[in-house]
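First the structure, which I've put down as structure tokens, then a few questions once you've had a look.
A, B, C, D, E and F are the chain letters, set down in written order, and residue numbers restart from 1 in every chain.
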Amino acid sequence: MRPSGRNLSDMRPISIETGVMRHAEGSCLIRCGETHVLCTATIEDKAPPFLKGSGQGWVTAEYGMLPRATNSRNRREAAAGKQTGRTQEIQRLIGRSLRAGVDRRALGERQIVVDCDVIQADGGTRCASITGGWVALRLAVNKLIQAGLVSSDPIIDHVAAVSCGVYAGQPLLDLDYAEDSEAGTDGNFVMTGGGRLIEVQMSAEGSTFSREEMTQLMDLADSGIAALVAAQKAALA
Amino acid sequence: MRPSGRNLSDMRPISIETGVMRHAEGSCLIRCGETHVLCTATIEDKAPPFLKGSGQGWVTAEYGMLPRATNSRNRREAAAGKQTGRTQEIQRLIGRSLRAGVDRRALGERQIVVDCDVIQADGGTRCASITGGWVALRLAVNKLIQAGLVSSDPIIDHVAAVSCGVYAGQPLLDLDYAEDSEAGTDGNFVMTGGGRLIEVQMSAEGSTFSREEMTQLMDLADSGIAALVAAQKAALA
Amino acid sequence: MRPSGRNLSDMRPISIETGVMRHAEGSCLIRCGETHVLCTATIEDKAPPFLKGSGQGWVTAEYGMLPRATNSRNRREAAAGKQTGRTQEIQRLIGRSLRAGVDRRALGERQIVVDCDVIQADGGTRCASITGGWVALRLAVNKLIQAGLVSSDPIIDHVAAVSCGVYAGQPLLDLDYAEDSEAGTDGNFVMTGGGRLIEVQMSAEGSTFSREEMTQLMDLADSGIAALVAAQKAALA
Amino acid sequence: MRPSGRNLSDMRPISIETGVMRHAEGSCLIRCGETHVLCTATIEDKAPPFLKGSGQGWVTAEYGMLPRATNSRNRREAAAGKQTGRTQEIQRLIGRSLRAGVDRRALGERQIVVDCDVIQADGGTRCASITGGWVALRLAVNKLIQAGLVSSDPIIDHVAAVSCGVYAGQPLLDLDYAEDSEAGTDGNFVMTGGGRLIEVQMSAEGSTFSREEMTQLMDLADSGIAALVAAQKAALA
Amino acid sequence: MRPSGRNLSDMRPISIETGVMRHAEGSCLIRCGETHVLCTATIEDKAPPFLKGSGQGWVTAEYGMLPRATNSRNRREAAAGKQTGRTQEIQRLIGRSLRAGVDRRALGERQIVVDCDVIQADGGTRCASITGGWVALRLAVNKLIQAGLVSSDPIIDHVAAVSCGVYAGQPLLDLDYAEDSEAGTDGNFVMTGGGRLIEVQMSAEGSTFSREEMTQLMDLADSGIAALVAAQKAALA
Amino acid sequence: MRPSGRNLSDMRPISIETGVMRHAEGSCLIRCGETHVLCTATIEDKAPPFLKGSGQGWVTAEYGMLPRATNSRNRREAAAGKQTGRTQEIQRLIGRSLRAGVDRRALGERQIVVDCDVIQADGGTRCASITGGWVALRLAVNKLIQAGLVSSDPIIDHVAAVSCGVYAGQPLLDLDYAEDSEAGTDGNFVMTGGGRLIEVQMSAEGSTFSREEMTQLMDLADSGIAALVAAQKAALA
């Protein structure tokens, strides 16, 4: 049995509450168990300079964590004067993942910035950020459509992410912090609503893994993503 | 009439929800109208180096704002690589204000860090941070008392803060963003539950002010602080 | 009696020497007792970007302190790689205070930068910076008038600042470093030549204060500002 | 056919020259086609603070690129004042990968720093860094063994890395820069000499990918890693 | 004739006023024509870490310039967040030069920090900083001697510096800003009271120079240093 | 006899290999004994902003050292977040020296950036950077000439640099690291192919020096520069 007492393929309860931020063009609060992430999408009229004149837009992401989101207080990055390598790696992943679900030509020369701020952390914050960030993005794009600013929907498909790992020789889905700390291997799968892969990141954190284990993890990820996409649909309904 | 339609001495609705963060020793979400601040208090076993061997503790504060707390997105300070002068000024004010309500000798050689993160902003975020920060501090100190780690209560009195300003020649209490932007003079009063002054900061932002106006603002502040202290007591009851 | 031996309402000797810097458009060396601040005003042809096309100008300030201005050496901020929160707070205050005495439309789309560098410190450096900074600003604006670059005088009134505090239950005017270190409450009043308030900043630094004390401090400030404005007039005569 | 004219499963020529740096405990210059990386390993007597007293050692990596390693000059990170997110991500990957092949208890409380500096870049620099970095690490550990400073070999197995991608619907092995720029999907596999997985990082860079493609890429990676491990063995023979 | 109208081997008027800073262990204001530098020496009880246990002390220097020391305002380095390469080069030169005149073993394990702050600049600020910095250092060391903290005088000899250059084919002594801007070659000589060389820095700034010119410059430097050392002696008498 | 066993006026073996970098407009690897520096020249279409419209170009340099170029590992400047004062001083020297050999008007409004990266260090890295940097610059300028982008050759003369020092009372040429560490005086001479001086930098690093010694060092430098210029010619032949 896994530390959380869940079955190997059990997800934590998922809740996605939309429209939680009065100023943002799109927003949601996603809760995956005790991991809570506030996601907002901001529409900017200009694309980044490298796209000037290209007719294409951009989607980017920033990630942060409140100092006391975790069990012991983390130093505030703004006070430290820089973002850690971990933060940069995560926000690059979120941005890449969301862009994979967007037709940037249909978006036109504008930028959407997705901010993912972890209010409370219990493992899987980057996955929750992607899954919730997509909902905020979807809502912001809806505003563009309603305002007639885009002529076709720039959103190609749902994008969602889930973590998997190998713990005591068993493949697990959706690890919480305690499980993540002890897993020999863990990582994340980002996928589309249609089941195609966007990003696979799997790391040995103590013991290496086999191709058979990799296959088992991909099966778990398939089922996890299906549940997350269903939650996205329910939240937007 | 003021922009918000409120009477000159009307406060916005106040709500203080405690225990909202699972990991922090003390926490609350304070809402003053559409200004929402998440406050947590973290107890650290060590006082800062300059107090080593003094037998006294310290209370400090950090302040942040989510990028999309405001109508247009603000640059994330962690990404910019430094805190603005405004942020530093605010967090120094919060720390000073809370320390004024604490017996640092009774606290012993430990530090309490109060984090105030603005989730949504509509004017008065520094005042809400002080008022909510005090509730988080009170809750964290209660844990120290319950654990027998302090022999007498280090909290001397309530600490709360309210903004005032002069708008179109009229003194106003508890300005929202629209009022703050147009006030010729505005500022903040930090006071104790007993009605003594901790901090007065009043600035001409376009037109200077008279001693008579200063007196009217102090009267307004007295009534505002009384309402805030009552809300603190209700939240802790 | 107060530590300095002065009477409660006594100011330190004030000296303002103008034209001390060969290159600056306006300059003075102000001495308030052992606190010496070199103030220069630089006229820049362009206003900051946010004022482009507005027809209005800007006045801003920067503040610094030589490393050995104080009893023990302070780390040089340029070497540390950033200005402290205290420095930023002070220079924001100086800039705000001076702008309150300027008609920015009459100034036209240009910027005046007032640099206040503390050569020697003995308490009250931010007040001396405001009082001396105004003289440098006045001299620089005189050059604009003489050159026919402005059609009406952009200076509305004198601006000066003085510190006050409560020490051993007594209100004091113009605190030196030793007094400032031991005062339970202290702060600064910035006022116009006409006696109107620009900025009030009063902080409990150990003990809170009452409205009666606040009133006494404002009375002291009135008399202190009158003396400083007289010194400004004498220096410019 | 692929842009380079190679067959889909063809690797570029691999050359690993050891002992190229006179001062380092271990060093090599690895050439994968036109990608050239200089790798050095430095033994430090102390482990990082978080391992103090643990009896375990650490392996970490730093990555850099000469400004003119690429077709157009890149800004020197030392001059820019910070490492990019990309650099940090790569050096974290190299460190994690090498640690997966080390018994940190057998290493004892010391640290080995592996520096990977790209002299010339033509795609696949992070993979070449891992493959060459392992050779430098192996040589440095040999010195520890020869000096009797470790009682058993801390190296568990070879570690090597290869890139794969999908280009025009075809899976490719060992992409050069031109191929990497146009691939719809690409990523890296880090594996042991025994064929177990250490790290899988696969990203959609324009088009998503299927599980079938993922399987084909893993097959290609298996063959690529075998060739790289053979080259490592030959270089060390 | 040279731009300043001086003869080729004429120095500007030199004035050295000692004891100008109330807090510093040693201080002077040196004026070389319109170049004015405030120099202070601070005694610190500890030597830098790399000298711990060596029985030797250290002398170091820091250099700064007020923003309006020059004809147009320079950006404040503290605001820019770093010292320029020029500043670092100058303060390294001052420190090296002063150390060359000190017996660091006789000084004992302490550090003297010499701060040179340019109040007004008209060429030759680094030379004035060395010449004035030595006077501040001498005064601070006198306090060590008077207090019986050193058993023999750590000062070996005077240290002074002068600039030279080639302008319109003529060798010049002690260049002011206008001359420095137009000289084809210029540089600095740092020498002891006994006429030995400490530092020679000569640069072609537009036209290269011959060995004959180098010899002429060294002759000029000899006479300039003699005048500066005489001024140091007079100031200390 | 000197530590290296060489005669006082012996240079180390010089090797200059050109065209070592595939992407750069000019490149070489210069080896002066065990000091190896990789030099590249990059042509940029635009001159720096301060030359806009002047019709003149610019040559600048950047300098770096691989972390393990030295006997013990140096901290990577990119990781430290800034270049040391030493690095800045060296790269300013390289840039100034190379500019002295260039007709910037003939170069036209473009910039050439010379990167000097020390692969292995054994004393004299700044001199090797200048000598090798000139070769890279020469090769890049040749490309401009071949492409008809300049109408006359912007290169005026060779530029080369050599170190000298006084060790145990004897003048030495071309010091290696061991000699440099123990020399009482050392420094660098930068000269043209025609034997004119560009830069003289001589420092007392423990004992001062006389004019006679200075003359001896200049004689040594003459012979060293001649050997280096011959090596430059051979490499370019």
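Keep this in mind: a residue touches a chain if its C-beta (ideal position, glycine included) is under 8 Å from a C-beta of that chain, and two chains touch if they have at least 3 such contacts.
If you want to know which protein each chain is, UniProt gives these names: A, B, C, D, E, F = Ribonuclease PH.
From a predicted model like this one, the values you see are computed outputs, not experimental measurements.
Which chains, if any, touch subunit D (Ribonuclease PH) and subunit F (Ribonuclease PH) both?
Both subunit D (Ribonuclease PH) and subunit F (Ribonuclease PH) are touched by no common chain, going by the contact rule given at the top.
Figure out the least number of contact steps between subunit C (Ribonuclease PH) and subunit D (Ribonuclease PH), where 1 means they touch directly.
When the steps are counted carefully, the minimum from subunit C (Ribonuclease PH) to subunit D (Ribonuclease PH) is 3.
Can you name the chain that lies farthest from subunit A (Ribonuclease PH), using the mean of each chain's Cα atoms as its centre?
Computed centres place E farthest from subunit A (Ribonuclease PH).
With centres defined by CA atoms only, which chain is the most remote from subunit C (Ribonuclease PH)?
Farthest chain from subunit C (Ribonuclease PH), going by C-alpha centroids: D.
From the C-alpha centre of subunit C (Ribonuclease PH) to that of subunit F (Ribonuclease PH), how far is it in Å?
Measuring from centre to centre gives 51 Å for this pair.
From the C-alpha centre of subunit B (Ribonuclease PH) to that of subunit F (Ribonuclease PH), how far is it in Å?
59
At least two other chains touched by the same residue of subunit C (Ribonuclease PH): list those residues.
82
Once the touching pairs are worked out, the chains link into a ring; list them from subunit B (Ribonuclease PH), going toward subunit C (Ribonuclease PH) first.
Read from subunit B (Ribonuclease PH) toward subunit C (Ribonuclease PH), the cyclic arrangement is B, C, E, F, D, A.
So in the complex, which bits of subunit D (Ribonuclease PH) are touching subunit F (Ribonuclease PH)?
Subunit D (Ribonuclease PH) reaches subunit F (Ribonuclease PH) through residues 21-24, 27, 34, 38, 40, 42, 44, 62, 64, 66-71, 73, 76-83, 87, 113, 115, 117, 119-120.
Under the definition above, what is the set of subunit A (Ribonuclease PH) residues touching subunit D (Ribonuclease PH) in their complex?
Touching subunit D (Ribonuclease PH) from subunit A (Ribonuclease PH) are residues 82, 85-86, 88-89, 91-92, 96, 100, 187, 192, 196-205, 208-211, 214, 218.
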